[in-house]
Amino acid sequence: MLYCVMMDVNVPADMDPAELAKLREAEKNRAIEMQKSGKFIHLWRVAGRPANISIFDCESNDELHDLLSSLPMFPYFSIKVVPLAKHPSSIK
Amino acid sequence: MLYCVMMDVNVPADMDPAELAKLREAEKNRAIEMQKSGKFIHLWRVAGRPANISIFDCESNDELHDLLSSLPMFPYFSIKVVPLAKHPSSIK
Amino acid sequence: MLYCVMMDVNVPADMDPAELAKLREAEKNRAIEMQKSGKFIHLWRVAGRPANISIFDCESNDELHDLLSSLPMFPYFSIKVVPLAKHPSSIK
Amino acid sequence: MLYCVMMDVNVPADMDPAELAKLREAEKNRAIEMQKSGKFIHLWRVAGRPANISIFDCESNDELHDLLSSLPMFPYFSIKVVPLAKHPSSIK
Amino acid sequence: MLYCVMMDVNVPADMDPAELAKLREAEKNRAIEMQKSGKFIHLWRVAGRPANISIFDCESNDELHDLLSSLPMFPYFSIKVVPLAKHPSSIK
Amino acid sequence: MLYCVMMDVNVPADMDPAELAKLREAEKNRAIEMQKSGKFIHLWRVAGRPANISIFDCESNDELHDLLSSLPMFPYFSIKVVPLAKHPSSIK
Amino acid sequence: MLYCVMMDVNVPADMDPAELAKLREAEKNRAIEMQKSGKFIHLWRVAGRPANISIFDCESNDELHDLLSSLPMFPYFSIKVVPLAKHPSSIK
Amino acid sequence: MLYCVMMDVNVPADMDPAELAKLREAEKNRAIEMQKSGKFIHLWRVAGRPANISIFDCESNDELHDLLSSLPMFPYFSIKVVPLAKHPSSIK
Amino acid sequence: MLYCVMMDVNVPADMDPAELAKLREAEKNRAIEMQKSGKFIHLWRVAGRPANISIFDCESNDELHDLLSSLPMFPYFSIKVVPLAKHPSSIK
Amino acid sequence: MLYCVMMDVNVPADMDPAELAKLREAEKNRAIEMQKSGKFIHLWRVAGRPANISIFDCESNDELHDLLSSLPMFPYFSIKVVPLAKHPSSIK
């Protein structure tokens, strides 16, 4: 089941660079892990903003929440979740 | 080059049903045509709303505009376009 | 799987009363039918507004969309869907 | 009398983890206590967000306020309260 | 139990004057009736706007909804309801 | 002359409790003083939120500003002022 | 006593030109009348928009409402009223 | 003096096609005329929307208003005007 | 050329009082200076809010920016600038 | 390919002046560098606000993102990107 997830990243501008780099590294690893699991099927950068638009494929709302809240940078995200359904005009 | 396009469909509730059905048919054909061309790579329904979230792959902003404004229901859409870039954590 | 669905009803103030009454009747019957099916588990009126807050229990986003778009008054609704998950502090 | 209460949790990302854990524990206990009292009848997590949608059953607006403001994390909440009434199409 | 009710009146500018006058008359009578019943305890005009701020004193959310939806101009209102509680600094 | 004043209280969640208690005490005394002066005629708590809806009766906009800005917690308020006039349907 | 009044003019684009011209004429005369009375002390056009920013000098909120609601185009206005007070840094 | 002008075009979807075509033609001619006069120095389409972002170079706010309100489709525009100044980092 | 400038003052509630008083003093002097220069022709307090509505008379957008950004409290302001033009119904 | 980029600068009012000056200097140099490269073709100050409106000419969304995120003050910006296309009425 698909969800469009829009994540704005709100990192304080004066955050300690070393701590931020470590956090980004952990975030990247976790994101790669999820993509390889097949749950996190698209991840695009919003051009010009510290934000991304992603597509998740999960069994349930609960699974989606567990995945998103497991992201190391979850406390720094403003997230909007849009549940998706099959469009009658889609050829997929 | 990818764009996330969010389309809200604002059809007057009292629109003539026959006219609307004809318009939807033309819209569906045009959308299928564009998907087959490879420009319109994802089309998802927003669950619960007359709206969709789509991903377009175009050569330029101009091509994107030409495609979107060629949709028969374009006059009934409120559209938001988000230009996408490659995310450093994406495995694609 | 639970969804909170917030429906604002935007009926034109000058709509033909007879037509509106017929539409409301069909809406009521369909809503009762869905509640009896176990998919539509809570339906509350927002005090003071032509709006309701509902809880749906569906197998998927697609099923939710099919149910909502089958409501006779769907063209008159502005709908917001919030996917729900189990809260760690819930005793249910 | 029913109220839909939407709570967004705004905990500073750099809050001391130990202090936050203690606060969450107190919050959980208080929430469970209220649920057992029958005043707090539904508590759902908003999938993907540090937020919940809840239904309270109180004797009055005053009782609702006393309950909500007694929550240990009340200072970290942005709360929207929607008073609910019986919907004519509800089968309950 | 008190509620602050904010009503914006959205009458189409080109509505038939005679019909509007009749509607306003019915609205005024109903409003006076409710004030005399003790349920509708304050009614103020928002200076400069076709809008009012009112205070209702009702037994329940349901009673509030019944009263508001019984107003002849209810279909032309955008209403916001704020449930009120006793303020610890109020001397009343 | 009446004004509806809506005050949202934005106290930092990590404010020193002792300092906050002192400030609240001063605020309460000042609010009581104003109510006794007849200028501050209604003070209601917004159920579920650190906010209030108040009615002031002042000679002028200037007097209203002087009163509000004299409140000890004024720096922590987001205030919206709505000037009120007599409503033609009010029986007062 | 001063008020800043911001008026957006929402005339339907397909309104009968002759009727609109007559309405504008009546509006202009009424506006000139009020300015000559000393109540309507500034009237500026918002560059690029069918809107104006005005300053009224009235005895009370009620007088302001009576003046504004007497404008022929009042039904076509969205109005925001900001009550003004003397600024401590103003040299007037 | 430069202004950034953002114009959203709100043409009713059911407007008579012939009338709309005539209006668009007049609009195009007027826009070309203004560009040739040197007042209207940039005109870009917002990709995916019936909207444009333009840069005007005018002697005054009044001149800007006269130019914009002279556009045949002015009644169908929602316009936002942003006055521009020289940026200290601009190399022009 | 006239501009309506709306300034909201966002001073952190816990700012050092002495530093703030010094800043306000500098702000007041600069504001008086500008008013005496004829550029800053109206300055009104928004009743009930740390905000003001002002009218500037400048030769250009650039001059306006230089004046506003020279205000000592500029870093604490949220500013909205509305370029004004002569209104056809104004008697000035 | 053109993009309109709107940048609001949110520098904390109490940021260390020396550090800020250094950052601004680096920002200015980088901006000049980009303008000389032909990618950053217009940079205007929004009169009265710490904000700018810019036009970029890039090969792709990715190039735009790389340029913007390379700006030293990127962490302090709120950015809105609007992809632009050729307008049928533009004479360029």
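Lettered A, B, C, D, E, F, G, H, I and J in written order, each chain numbered from 1.
In the analysis below, a residue touches a chain if its C-beta (ideal position, glycine included) is under 8 Å from a C-beta of that chain, and two chains touch if they have at least 3 such contacts.
By chain, UniProt protein names: A, B, C, D, E, F, G, H, I, J = Muconolactone Delta-isomerase.
From a predicted model like this one, the values you see are computed outputs, not experimental measurements.
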| item | value |
| --- | --- |
| Which listed pair, E-G, E-F or B-J, duplicates the contacts of C-E in over half of its pairs | E-G |
| G-H compared against E-F, more contacting pairs | E-F |
| Distance between the centres, which are taken as Cα means, of chain F and chain C, whole angstrom | 38 |
| Whole-Å separation of chain centres (CA-atom averages), chain D against chain F | 26 |
| Centre-of-Cα separation between chain J and chain F, whole angstrom | 42 |
| Contacts with 2+ other chains: residues of chain B | 2-3, 45-48, 61-62, 64-65, 81, 83-86 |
| Chain C partner contacts - residues on chain D that touch it in the complex | 2, 4, 27-28, 31-32, 35-36, 42-48, 52-53, 55, 82-92 |
| List of chain A residues in touch with chain C within their complex | 1-3, 60-62, 64-66, 81, 83-86 |
| Complex contact set, residues of chain H against chain B | 11, 13-14, 45-50 |
| Contact set on chain G toward chain E in their complex | 3, 5, 10, 12, 15, 61-62, 64-65, 68-69, 75-76, 79-81 |
